[in-house]
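Below, chain A partners chain B and then partners chain C, in two separate complexes.
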Partner chain A sequence: MTDGDGQIGKAKIEGGVDAIVIGGAPDGLVAAAYLARAGLKTVLFEASGEIGAPCRSAAPEGDSASLDGEHLFHGLDPQTIDDLDLYSCGVAFAARRMGVAYFFEDGECLRLGGDLRAAAQDADPDGDAFQHFITDAFEAASFMRPLFSGAPGVNAAFATALADAPPRLAKQLDRWMTQPAEEALADYFPEGAVKTAMLAEAAFRNGLPPHEAMSFSPLLARWSGEVAGLQGAVAFAEGGAGAVIDALRRAAQKAKVEFRTASPIARILIEKDRAAGVELDTGNQLRAPIVIAAVDAETTYTELIGPAVLDRAFQQSISMRKPALSTAHLHLRLKGAPIDETTRAGLARRIVYAPPADKICRAFAGAAQGDVPKELIIEAVFENAFDENAAPDRQQLSVLAHPTPALAASDEKGREKLRDAIVAGVERFAPNIAERIDAERLATAADMASASGAPAGAFAAREGVYRQLARAAATTSAGSVGGLFFCGPEAQIGYGINGAAGRNAAQAALGKIDRAGAAR
Partner chain B sequence: MAVTFDLLVIGDDAPSLCAAAAAAAGGASTALAATGAVTYGGPSVCDIPNFVWRRLDLQEFGLETEPVSARITLLADGQTTTTYRSLEETVDALREVDADGAALWPEMTDDMRALGESGLAAGVSGTAPNTLSLMSDMRAFADLGRVAGSGEELVEDYVNGGPLNAHINAHALAPFGLGGVEAGSAAALPEFFDEHAWRVRAKSGARSIIGALRKACERNGVATTPAGVEKATADGAKHNSITFKGGEKVRSRYIFFACPDAAEAAGYGGAGQGGPPVAAPANGARAVMRIKLRDRVAPPVGDSSALFQIVDDGSDLKDARAAALGGRIFDRMPVEFEFTDKGDIVARTSYVPKRLQEEGEWRDWTGQDRQLLSTILLNRLVSRIDGLQDQIRKTDLKVVDRTVAGDEKFAGARNVVLQPRRHDAIAAAVTLIDKVLADD
Partner chain C sequence: MIFPVDDIVAERPAPTPLYAAAASVSTANLWTSINGFAAARVYDSVEAEYRAAKEGAVIADFGPLSRYAVRGESAAVLLSRVATAPALSLSPGESARGLILDDEGGVIDLAEVSRLADELFLLTTPSPQPRALQLAARGLDAQVEDISRTVAAIGVLGANANEALAASGLKIPGDHVAASAVLRGVETAARPMQFGALPGAELVFPAEDALTIWERLMRRSSVKPIGLDAMEVLRIESGAPRPGADFITRVPRRGARRPLPSEIGLPHLAPLDGGWFNGRRSLRFAAPAPDHYLVTLAIDADHVLPGAPVALGGKADGRVTLAVWSPAVRRVIAFASLPGATAGKIREISVVDDGGEARRARILDTAESRLAAAFQQSQAQATD
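Let's turn to the complex of A and B:
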């Protein structure tokens, strides 16, 4: 605890705060809400003028609350939903178990229901193989869930559980964690629509091409999560993903978290190897025994703390190079009349364009060299089809495209090429859509980085799960700085808004606080 | 009625022979099948570790080996980089050309060996019982992050660009056909620095390594089957029935490939089961060329018992890998080669496309493609070996590939175990076969 307010020169030193959270991203909001609910006086700092603002910049003005890079939910930490009572704060799903339509190069389409276990039973012609695969993959993913949750101290318990697991399962897990996706799928499927669809799923938002080692593991991480009570499901939140951030903000407000927006942090104060508070760009200081960083690791450790405080091995472990690949977001507003109920029902699903395997591999190779691939994996959502209240006078299409190269924000030619490649991908399932585009906005990793103030690497595609686990273990160890906790993007295994990292950081912090609220 | 074995090892190479002999010496009823395909071994094999040597009493078969004299990289413009088995010798050699590299070499060697001994590194590279079980060791996480990353990144932690960087990458990664940017390619580095990765040759005048290992198989009761598996299918609850080209059959609990070369030659396209194939890219083929000479040529840097790599610079591996994946025959193909006792040359490359792409369409290899590859390999060798052009008497090129999906020959078989490609292939194969039999 601090001993009250004070002044050094013109800078102000403020105290009386138990915990500081840096960053108004979803995990920062979750962490702050948990701390405040536990009775700690908590202040959350956000560099921009609005909580969650950097995430919301992708839609043309007036369109729905689509977020850069996040239009669907693949996993939302159920414990966080319960603990923070997020449903009463406004979280609602317009579609809980979204069906998916996979489109292929030859124009064929494979439609699956939102419950993959059930869908696998009905799939034709590879139903048996699909059912076998989904059963095995879901079993493996469920088993891995504790490890992927990133909860502190889970590793020893996981190792014990693994020792008691059926040998068949343990062996399969060991293989899948390092196998190339192509090889893992070849064990189950003949060439065909289901295999192509699953390969696209495995490669989507993955930093590793599907022919390379460890490229299957991110799919396990994704399927280890659940949303709206169903493993492997995909959901669309009412009001778009931005509405979930609003709900998290309300949960934090309800818990009496104090928000300070437009307040960039200059550094984290470290005294005697412990976090002691933060110093703002203005020079003002706020002192608190607990600091939770909900911004990326490079910003936290390199900029806000600095290498002088951290040992070399720790710096090496957090500075692991990230893939150069990322996922781009294109938001399209379409001309034409509002959609009717029949059309709405037809469009109310997740739409995926799955290129052939060799073209996916070439896309990764090209993107890694900085070229815009001709063929991209596309995930698209007609947002109005789910949410009739969202901009009812127009049709909107939110598109994620992967893999895309690291394009500089100023690379107009590259951006144009990327935009054209994404639209060409969309035309695979929506012919002539290019003629119907009324307004559009492209967000690359560079745009997202620039909007959030984070380095572009923070928006890089995810690596193999071993690498993610190693990075999460390193970053959440906080370099052995006492009182410092981390829930930036590197703390999470897999992509998307989840909340578990924020919960883990808050619970770890609370574990270090005695009943009187003093740091141990 | 077909004879039943615990184990059928398929392969003609040193790791296969060692694995078969070691399994038989350990009490398993073992059969050995030649692949039935033409394969070209070079004069050197990876080190035969003491535990294998002792178990098989290899000295009793007249086996005498000596380490390959050096690892030499022949870069563009006549530049060379050489490292030796001895740390001191390497530091002395590097000091003359790269003082920083010389200073870093001992630290890098220590670090890589420590990384190789770490549980997770062993797990990721396939020798640990189960990689995941090791994750309770928090210290291992840091190692995990390093070995699960790219080889390029791990090398750059020590040597940032330049000839030594290209040398390490060429020798550590080229045998796997890796570009250095792939996740998990870093796992090749600790393996490469392991003492069992250093290759050995038979001493001049001593029995050939393969000959001695065949004798060891015979002495330990390894049965020999006909060459060339026609079909392998599950037979009963635990066994496989294996039919050979002549129609003869045997039954076996396990089918074991000690290295991908054997699997490729036998036509097995399934995944590695002896641990994750971290350092082995699934797409791509390998080419081996034997070049018979009219007369001996002077070896580069005067050393005929070294292992050579040809790369122009550090970017060659990455570009060659990208070309192979894109279905192109790369004109700056990285080439590994060595001289035989007779002065002939065996050259290898792992950057050959599995299939070729022309105007967006994939197609199989043609005679013209082989001719082009042959010309490229020869040009690469001629560019580094003085006088070679005039002495070439005959060349023979073999392209072998490993199909990604299970091949029909083995599609119905169970318990097929494949050791992924490794620098320390013999140590790894015997360790793996012991594990398979112990788990049974």
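Let's turn to the complex of A and C:
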């Protein structure tokens, strides 16, 4: 019962809002911007004091705040960029199609240009096979793109599209979606540098080892992404990923989204099987007919709604298996002068250490058991080589290492072991770099989970596209709670900042608004 | 509580705790298997058992049913996820009927929930439901114990059921309140129940004392044992559908669904304006149009087989699920499944009997159909 001015005791009940977004992660910002642009009075709640804060935790103290665990972009939803006019909000790319240098165990190096189709032509000695593979893979990835957006009902649409696809492509897609990466690549390549490099690409950030079924499909998902207008490209945003989050925030601000930071949500109010608003930690309530959750599924459903009003099978479908594998991020600040113009050109690329196939498989097996593997797949980027403003007075290196145990390395000894394994991987292409480290910060899945308040599973490596699609379909169904929409990490296929999940959630919410403005 | 469909392929049914006592009084020696337990179909004769229930009191072995003790702070919440019975609003001693629904609102099973203490409930279901309970317990402070094999249960049914209980030393204080008593040194819980239109009570007690309680009831009162076949007549007369026989409880193929409460004539057991239960949101927002619905028919025939075609206005549209001869109606009575599109439009019904002849039939007004009609009327008034 409320008193005259809408208060229960000391708690306040506030209304007059059309939509609430929980979580200031990129998809939350995208969803809020879409809703506000559609004319809905939208409030975004962020538990921490800063929008996008959990994404910015990986840089050592004093380093550029623009750097984070997602140092590169593999896909940024082009429709979101257009609809929210993100280029005018500050999104810019320092490198649109990054080249890559693969380093191998024997010290050899394979350099490829950013345009993989063109690079395949020049690759030696497996040029023909590489070109054939890239042509087929990009055709398949392009066809699969609508599926990988994770939009509601996309599975059925994809099945129809597959039935209408040319038989050769349909057969190939059918095989690739379930094939182990090792087997898929063996169809094209003899043993050699290109195969090792592609195997490392397929295994990188993958929850499945390359010899297991469905381990090839995540590479297709990655290559289906479009960034900076280029399919399958890898890009570096000016100012890093943090700058993209800033641009999303500006887009939301421009659309008149109201931000409430340092405002943890205690629960989502459910009344008559519909979302009716949120209750904050303070006990205050904000009521609105639309609630979009941009935090992980477990937090959204199990904590903010609670099992007491969740359908049983739905709860089971969203619950995560205990995460086994993840990717660790090591940020290094290096001693010595900043990168000069001469070295800039050489370093302005992705640098990948690709261990041999058998060692990759062993690394997956070890990491799944909780051990830190001796050999890790390493992806490193010298940010200053792309963006001299990132840290003008020093060199810094952002490194992602995979596969690492998702829940291990939580004690000092484990962290040290993990850090040493990553540095050993970096030494494969940057000898003696250990002596040049001035400051460093290691961020594991557990660290990112603790920074964001989400379970470690939200930061674990994803297992196969079909499983991701099933989880996305389950989580975005919101357990049939009317007026509730979901765009947390489980709604996205693949990793990194993308925005499609936020757009999908907002468009689904807008589709449920009738002409009178009431949510159905 | 209604028994589920027999397992006709069960090879060696297990004895219930009351099997020895039941076998000793069975002259017909006709048995079937329910949930893997031996259950008497007939003790003496169907007609005599039926008459005893209508005119006096009968006892039935309820051992084959599944029972769960649910304990803990969130026991009521857990049960509200499991079943549509209003577990949260029950006071200690009270019982309520309900349904177990899937996420889409399809009926998995029937259920009866009794609150025995603040944090202790008894859940009775026709078939074992460990999966539904296991899923429902996730994230809740509640423990579920399957007590089906550690307790015995007797249903005391009939016009004189309360007198029979009193004669045995157990008095039930009201129509809805459970009681407990010590009968010949055995702690026995009794909860009131209805079997169709018949009043009665269910006694639950430790399995090892089963024979003691059976003997006490048989000696102190004039009850007779009743088998499944006579209970089947009483069940169909009351309009209570039987899981697995009158409606499917398992999804037979991909794309198929379980029946909705309204499709089996039990919409009143899943009210959408009460407390929350599993599947309610789907029933409320996304329920499909009824595909078919169950009715109880009185057929001018001597014998009708399950599966017999039902014709509406001369066109074969539905089928009989189960049929029995009813001494009260003096006709065959049967459950029939009819197409959803015919609801409220039926004028002439005929059913093909086992001789292949079309026989006239009419929809029978039953205790359950009256409850459903009253519920739907109240819903319509609430909407107005």
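Keep in mind that, in the parts below, the second predicted complex is superposed on the first by the 504 of 520 C-alpha atoms of A that agree within 3 Å, B and C clash if a C-alpha of one lies under 4 Å from a C-alpha of the other, contacts with A are read in each partner's own complex, and residues count from 1 in each chain.
What we mean here is this: contacts are C-beta pairs under 8 Å (C-beta built on N, C-alpha and C of every residue); 3 or more make two chains touch, one makes a residue touch a chain.
In this text the structure is predicted, and so the values were computed from the model without any measurement.
**Q** After the match on chain A, would you call chain B and chain C a fit or a clash?
**A** Fit.
**Q** Between chain B (first) and chain C (second), which does A:48 come into contact with in this model arrangement: first, second, both, or neither?
**A** A:48 sits against neither chain B nor chain C.
**Q** For A:121, using the defined touch cut-off, is the partner it touches chain B, chain C, both, or neither? Pick first, second, both or neither.
**A** Neither partner.
**Q** Touching A:231, do we find chain B (first), chain C (second), both, or neither?
**A** A:231: touches no partner chain.
**Q** Based on the superposed arrangement, let me know which partner A:470 touches: chain B (first), chain C (second), both, or neither?
**A** A:470: touches chain B, not chain C.
**Q** Is chain A touched at more residues by chain B or by chain C?
**A** B
**Q** Give one of first, second, both or neither to describe whether A:179 is in contact with chain B, with chain C, with both, or with none.
**A** first
**Q** Quick check on the superposed pair: does A:284 touch chain B, chain C, both, or neither? Answer first, second, both or neither.
**A** In the superposition, A:284 contacts neither chain B nor chain C.
**Q** Is A:313 contacted by the first partner chain B, the second partner chain C, both or neither?
**A** Both partners, chain B and chain C.
**Q** To the nearest 10 degrees, give me the chain B-chain A-chain C angle using C-alpha centres.
**A** Between the chain B and chain C centres, as viewed from chain A, the angle is 60 degrees.
**Q** What does the superposition give for the shortest Cα distance from chain B to chain C, in Å?
**A** 5
**Q** Touching chain B in one complex and chain C in the other: list those residues of chain A.
**A** Shared contact residues on chain A (touching chain B in one complex, chain C in the other): 313, 316.
**Q** Quick check: in the complex, which residue numbers of chain C touch chain A?
**A** Residues 74, 77, 80-82, 102-103, 132, 135-136, 138-140, 276, 278-282, 284-286 of chain C touch chain A in their complex.
**Q** Can you tell me which positions in chain B touch chain A when the two form their complex?
**A** Going through chain B, the ones touching chain A are 123-124, 130-136, 138, 141-142, 144-146, 148-150, 153, 157, 181-184, 270-271, 273, 276-283, 322, 325-326, 362, 404-406.
**Q** Which of the residues in chain A come into contact with chain C in the complex?
**A** Spelled out, the residues of chain A in touch with chain C are 273, 302, 306-316, 319, 479-482.
**Q** Sort out for me which residues of chain A touch chain B in the complex.
**A** Answer in residue numbers: 147, 155-156, 158-160, 162-163, 170-171, 173-175, 177-180, 182-184, 186-187, 191, 207-208, 211-215, 313, 316-317, 320-321, 358, 361-362, 365, 368-369, 463-464, 466-467, 469-471, 473-474.
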